[in-house]
Amino acid sequence: MVLPDILFYLFAFLTLLFGALVVANPFSRNPVTSAMFLVLTICAMAGLFVLLNAFFLAAVQILVYAGAVMVLFLFVIMLLDLKEEQRRKINLFGIVTGTGAVMGLGFLLTKTIWGGDLNQSANPRVIGDTKALGLELFTKGQFLLPFEIVSVLLLVAMVGVILLSKKELK
Amino acid sequence: MNASLIVLELAVGLLGLVVLVQDWFTPAKDRRTLGYGAVLGVAVVLLYSFFAFDGTETLYAFGNAYVLDGLALWFKRFFLLAALLVLIMATEFSDRFESGQSEFFALTLFALAGMMFAASANDFILLFVSLELITVTFYVLVSFLRRRVESLEAGVKYLILGALSSGFLVYGIALIFGASGTMNFNELAERVAGNTTGASSKLLFTGILLVLVGLGFKMAAVPFQIWAPDVYQGSPTPTTAFLAVGSKAAGVVLLMRLLGTAIPDLAFHLEKLLMAMAAATILYGSLCAIPQRNLKRLLGYSSIASAGYLLLGFAVMNRAGSSAILYYLAGYLFTVLAAFTVIAVVVEKAGAEDISALAGLAQRSPLLATSLTLAMVSLAGIPPLAGFFGKFLLLKAVIAEGVRWHAYYWLFAVAVVGVLISLYYYFNVVRAIYWSKGTTDLTPIPVSLPTKFALGVCIAGMLWLGLNPDGALEMAVEAVKSLKLVA
Amino acid sequence: MNVGLEHYLTVSAMLFCLGLLGVILRRNVLVIYMSLELMLNAANLALVAFSRFNENLTGQMMVFFIITVAAAEVAVGLALIVALYRKRQSAHVEDLTSLKL
Amino acid sequence: MSLLSSIFLLPLVAALVVLCIPRNYKFVIRLVTLGATLASMLLALALFAKYNAAPVENGFKFVEKHAWVNVSALKLDIGWHLGVDGINLGLIVMGAIVAFAAACVSREITRLEKEYYTLLLVMTGGILGAFASLNLFFFYFFHELALVPTFIMIGVWGHGENRNYATFKITIYLSLGALIALAGLIALYIQSGANTFDIVELTKAVKARPLPLAAQSLIFPLLLFGFGILVSLWPFHTWAPLGYGAAPTATAMLHAGVLKKFGLYGLLRVGIPLMPDGATAWLEILAFLCLGNIVYCGLVAMRQKDLNLLIGNSSVAHMGFIFLGIASLSIVGVTGAVVVMVAHGFLAALTFGLSGALREKTGTLEMEKLGGLLRQIPFLGAALVMAMLAGCGLPGFANFVGEAMVLFGSWRAFPLVTTLATWGALIIGAVYMLRAVRNILHGPEKSEWAALKDASAWAKVPFVLLLAALLLLGVWPRLLTDKIQPSVAAILTMANTKTADKAARPGDVKKAADEAKQRAVQPR
Amino acid sequence: MEPTLSPAGYAALTILLLPLAAAVVALACPCRDPERTANRSIGAIALGFILSLGLFFFAGDKAIETNFNWLSVGDLKVSFGLLLDPLSKLMLLVVTGVGLMIHIYSRGYLHGDRSYSRYFASLSLFTFSMLGIVLANNLFMMFVFWELVGVSSYLLIGFWFEKNSAADAAKKAFLTNRVGDFGFILGIILTWAALGSVNFTELASAVELGGRLADKAAGFSVLAEPLGKIFQSTNWWLVHPNVLVTLVGLLLFMGAMGKSAQFPLHVWLPDAMEGPTPVSALIHAATMVAAGVFMLCRIFFLLDIPGSHALEFIAWIGGFTALLAALMALQQNDIKRILAYSTLSQLGYMVMAVGLHSPQSAMFHLTTHAAFKALLFLGAGSVILACHHEQNIWKMGGLRDAMPRTWWTFRWGTLALCGVWPFAGFFSKDAILAAALDPAHRNIPLFVLGVFVAGLTTFYMSRLVLVAFCGNARSEEASHAHESPGVMTWPLVVLAVPTLLAGAVGIDAYLAKALPSEHAPHNEGFLNNLFAPFNHNILAAGFGLLAVVAGYKLARALYTNAGRDPLPDKLGVLAKMARDRFYFDELYEWFISVTQETLAKVADWFDRWIIAGLLVRGTHGTTELFGRALRLVQTGSLQTYAFLFAAGVVLVLAWQLLLQSPAH
């Protein structure tokens, strides 16, 4: 077993562990902890990205997600200063059925994945570094348009956020 | 790469920006003018679209990510017209937005741009991005009335479920990409046909199904319809209207592209699934609407049912079926917008959204009464209105398939049951209009000129599509030519 | 055994399911929203893995867009949640049932 | 715009005109309606006068054809095609007359007149259009166009506490029937291979290449039951008495009188000739369902306490004769059936009109409450007596001719059914009709009705008109039969039965006698 | 076919249409002065009478037929046709003659009634329909007028519709007749189906054509196949030609049963007396009830087909009716009812005569009976009017002096009815009795029955006369009774003439020209005719007279100056049963209520609860239930929504990936 594989297992394990902790944390039900673990998940995933030679994305992952997005989350949590989520009655039926459904999905996905007809080139050597992605983005036409649209999307988001959160005028 | 093709979208986007900017320079009292300005702008774009393109040949741009063919053009015009009417409605409605009227117009325009891009999407990335543009805009539009908690609640529900669906969508795209190694519809089609995908069909299929989930959510098709009633009820009426027409149509066009361009050779595998979904959707929408008293919610359920009828066309998925889809959509546009325009006015007056708010409408405003009656009759699929011919085409397509496979007769039977049930609640509305229990106030409702215009357009459209279907049907047939369909 | 595409996909699938589980089970809107982010990330992982093993960067470009869109979405979503919280003083989904039936 | 199309386009145009008249000019609105219906009635009579039974190609006269929808890519070709032959001629004329009568009796409406008259005119136009069109699409189109006003009128201007239920029941029932029939028509369009809704084209296509048996046995039942529901074929009949009981007078007249015949007309025009093999299997069953109408509904009518329900059930019962005549596939029977269609149109309009007038005057149709009215309202009373007698098949009225022909024609095919039908016609019918006369008009005068006024001169017009029509056709049936017979013969040749009855002519006596001899020879 | 109208045809048409015109005019423009309506009707029928006289004497004996094509579809060819042969000419005479008298009489009887013109309108309508029956040349037309007669009788019985009894009687009469017509129309249909025509002449020739074959009944074996359908077999005994021809005969006879009130459809006639007395005289004594007999004579050739056993049945029905009615008459106290029952039993005679292969004697009796029974009824009417609508004979008495003219004519009528030589009734009744003894079809039991009924007739008529006219007045009204006005009495006088003479003028001989009969009686001049019965068949005549004498003696012994009816004490329960008409009405009431009414109840219940209730409302309810149930899914809880969404996704994936066959 070579190093990358070990690293893969390590990061994969961490990702899933932290992910699980985001969703269901046995020790604390405080959203803050969930947020923190989400940050950790993202970092672990960044590791996986690196293993997949997606260096730029790994960076973006850390910067944008762990950096910007999660800060935003935490900021909101603080703003609303959500208390420890007091235990409400857990509806067991919901949990069982929900988990059942998810199990089903997982089963189907894994079944598909291990369906054994994935095509993967023997010795992949795609390097997703900034230069390559930059070239992709700005030379291949097919990404230009989405890029522009995303800018509109961001504008919409800005307008929306302002509208939704500006003080109500009486 | 001829970027000039996106001129229509650009125009709309710029219009949005102009409205936003102009907002600074216009005092609050005459913000309405911005709305009318936007209406005018859209109208101009709509007209221009007829001069600029004829959609006979298929044009590509941005590395085949963007296609401009008959279908795209048809839907662009469809969206433009819808937005036009919705904007009129919104302008009339805008006193309810104590702030940010012009933002509402601008956002509507951006959503419109998103829809128009979606109509031309020929690539999963563009599909995703334009869909997200639509969705995110609608998050805002749905929750626009911050005063009303219902509006916000609807917004959150739409947000969570929308995000969930786009999660599935994205994962589906990922799987498709993984299976085929491309994001482009045409290449995907080639690879499927040439079977150079390493035959990773299972992966591909799962991906397609997950994309279907995302689009089904937009169309409000069972089992992804669950959000529709709440959101329709909660959001401001113009938004509901745009949601019912635009966002549904966006889902439709993308699904058409997916089945007709991206995987024409695999589409037939989805036949049974689509049939089942159609049947379930029709029944769900119709049955749930029976006991419904809230007008907007009622229309929410009815729009689910309509999604079911559209799915009939997808299940058939031949030229007859798909052109029928377009025809039905066209009729649906006028019908639903007429209904929502009336409801917007009535609800504003009565303050209640209950059917009983319509009591005595016949005396209060004959125009509104007539329009709503016609809308209901058309939705019920009764001559001489658009809804009839649309349903007729769809059902005809279904029965025609029945010759090949008898299951289609059962599908037809289900559709008939749906129609019957729908008659029940549509006529409930009509009765409410004409049957005033006397105690209701019969003060006449004033109808502003633009609203009259909008209603006029809707009624004209309904009658035109119902009485003289020839031209419109030809257009629809032309539009679907660009899809790979069995004749 | 040798780590291949399957393994990455499995991880992403499991992550996806975890996210979904969170969406279904948690009651706090914020946490639900985070779980949604998890799902998106799972998709990202899958895409990156595919683009690595398919020898083309399109997947990564997709991820690039997804992240951007997700950021925008999160911004709007959080604003919405805040607005709602202002009205309801609660971020619990049970409290969001004025629209039903 | 030629004669035929103007007959039904006139009311539709008038509907638009009414829509534009301000709602407080009630007199003008009424005037326009009366004018339009009167005009189309006169036009229809002119049509009747100009029609001659001389044979023409395809058997249709006054033909009008325009292209409407023609999309080659979808092989969709729907054309505007009108024409009359002996069968729909009578129906159109009857419909126009009834429409005028219905417009006359609409004085009872006192709220939302504008909407009411608009709907009435649309309904009229739809009905007449349906009978005039030779293209199945428009055939269906106009029928639906006429149905919607029916529903709305019952719902908005109807009577009685269970009006709403009645409205929805009739709506759902009729739409169900229409949709099933539509399925059949579309299937016919597709399976005939002709890709057309044009009856003439279809006929040609089927003559050239009959439909495959499988298709026939699929489509015919669809048409039979689809149309059957529209005609309140037993056991799909319960909507009729309820609906008519609740409907405003004019609506009941128009629907029970005219629109109801749509299904029978369709069955006769499409089902029988185009799908003979499919039909053969079902006609036996149909014949027995007829008993459900004639006998069963007759018995039900006996028990009714409300005049409208009684009339409603009786009109359901009369449908049975038409079905029986059609099922017999004999020229006498089918011609008789068509005669009954026309006659019953007048009769139903007359009875519902009279009951409406009665309710307008007394405010009730409970037969116990009424009684001894013949003195106070001699005209209405006499008219009602005549209507009732016509209803139980009294010679001199058109119904007798038709029903007698049906019985004569169908005896050979269905002896048992015909015998029972005769019982229903002569006795059950008489029982409830006379019971109604006895309870409402005869008997000691009651104080509460002492002040009742008879119908005014104007109010008499529609009833006189309808009675005159009934009597004329009853005394001189050849007015109709000579026109009907050739068309029916054409249809029956397609239904590949002998157009002449198998019932023996004197010539057959020898053959029969020989058979008898043989039977005498063989030991029994 | 274009009608070729001979002068006779024109005349017949005129006779037929005049009353119709009168009726239509009366209804269309009810003029202020009702007298004018009356005059119109009287004028119409008077003209008709004159024309019929002309036809009778100058038209010759050849049958004249006139056809207007009325309806011709396929091979159902019905013509509006008039047939003038001795039979119809005689009947014309009877109808118009008696009718005329009664029209005139009515003017007096109904003077001042508030629906005077309605009365005459209906009367004219009746005359029209009756003449239609007489003149019809085919079964279909006959049925048409048959029904019209029925309805006009309905209108006239219910003339005083405010009286519940009258209204009910009218309804009962119409419905009972309808039962007969049911058989009649079926008979017509079968005849048409068998012989391919409804025209009498063509039918006759068709039967003849059959006659050249082995059995005439063969024509009817074409009915075997469809009838076989009913019984699921074609060589069942029922489809044997003889059975079929009998069946057809009996079905046609059912019509006569209804109109001529033969047992078991006799119940309506007594109630029909609720109508005005002239109506009873015209319709329910002289003409309409005779229509059945007339019809039987018309279609005699259909009943007479060898192999048919219809006639035997008919004879027995007639005889039984005669006896039954006579017995009922014994204990009636209402003067009109007595006459009604006597009418029944006389009709029984006529039908019996037909059954005994002697239609001409039936027609003979019909003719004479028309005269004297009309006379009797009119007389009764005048009595009733004199006693201020008192109809109970026990409240009368001593009228002979009060109203001499009525008394004389009434007595003549009675004598004729009893069959006293030389009154008309004697000859016709004798002819019937003789037919019973006719060697060709001798039927001793019926002969005995006939004689016995003759005795009974004499008995109850004598009872009537003795109680009502003789003795002394038993009530105020009776004591103050006085003669009726001339407009009422003169008709009595006029009718008295044929009552006396009609027997011997050779009507039977005249009829023999039209009707098939073995040894045709021929006219040897009035005087010979007077004694013809005795030297032609002394047995019949003798027994007939004996019966009369016996009956009279008995009545005389019992009822001279009797204060009350002694018979009940003597006969006990039999008398009571006779008075209560042997409980037939009650029986029918019960029967109908257990059959038809029950069926109706069941059907109504089924309609209300099973079809409209269980099925329709059930479906409606379940649908709505589904709606409400399904709606509960929309809990509004985001979590549920998310779960359902996910579940949906899983469902779709599972369906497609596991159930459907994966792509290639």
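Some points to look at:
Just so it is clear, A, B, C, D and E label the chains in written order, and each chain counts residues from 1 on its own.
Rule of thumb we're sticking to: contacts are C-beta pairs under 8 Å (C-beta built on N, C-alpha and C of every residue); 3 or more make two chains touch, one makes a residue touch a chain.
Predicted model only: the values in this text are computed from it and were never measured.
Contact with subunit A and subunit C alike is made by B, E.
Chains touching both subunit D and subunit E: B.
Most remote from subunit B, judged by the distance between CA-atom centroids, is E.
Across the two candidate interfaces, B-E and B-C, the one carrying more C-beta contacts is B-C. The chain with its C-alpha centre at the largest distance from the centre of subunit A is E.
When chain centres are taken as C-alpha averages, the shortest distance to the whole-protein C-alpha average belongs to D. Centres computed as Cα averages put subunit C at a distance of 65 Å from subunit D.
The distance from the centre of subunit C to the centre of subunit E, with each centre set as the mean of the Cα atoms, comes to 96 Å.
Here the CA centre of subunit B is 43 Å from the CA centre of subunit D.
Look at where the CA atoms of subunit A average out and do the same for subunit B: the two points lie 31 Å apart. In subunit E, the residues that reach two or more other chains under the touch definition are 631, 634, 636, 638-639, 642-643, 646-647, 649, 653, 657.
Touching of two or more other chains is recorded for residues 5, 9, 16, 19-20, 23-25, 27, 29, 32-33, 49, 51, 54, 56, 58, 61, 65, 69, 72-73, 76, 80-81, 83, 94, 96, 98-100 of subunit C. Across the assembly, subunit D contributes residues 172 that each touch 2 or more other chains. Contacts between chains form some other arrangement here, matching none of path, ring, star or all-to-all.
Here, these are the chain pairs in contact: A-B, A-C, A-E, B-C, B-D, B-E, C-E, D-E. Of all residues in subunit B, only 124-125, 128-129, 132, 136, 139-140, 143, 146, 149-150, 152-157, 159-160, 163-164, 166-167, 170-171, 173-175, 177-178, 181-183, 229-230, 233-234 touch subunit C in the complex they form.
Listed in rising order, the residues of subunit A touching subunit E in the complex are 94, 97-98, 101-102, 104-105, 108, 111-112.
For subunit B in complex with subunit D, the touching residues are 319-320, 323, 362-363, 366, 373, 377, 382-384, 388, 392, 395-396, 399-400, 402-403, 409, 412, 416, 419-420, 423-424, 427, 430-431, 434-435, 469-470, 473-474, 477, 487.
Subunit E contributes residues 639-640, 643, 646-647, 649-650, 653-654, 657-658 to its touches with subunit A in the complex.
Of all residues in subunit A, those touching subunit C in their complex are 4-5, 8-9, 12, 15-16, 19-20, 22-24, 31, 34-35, 38, 41-42, 45, 48-49, 52-54, 56-57, 60-61, 64-65, 68-69, 72-73, 76-77, 79-80, 82, 85, 88, 94-95, 98-99, 101-103, 105-106, 109-110, 113-114, 118-121, 124-126, 128, 132-133, 136-137, 143, 146-147, 150, 153-154, 156-158, 160-161, 164-165.
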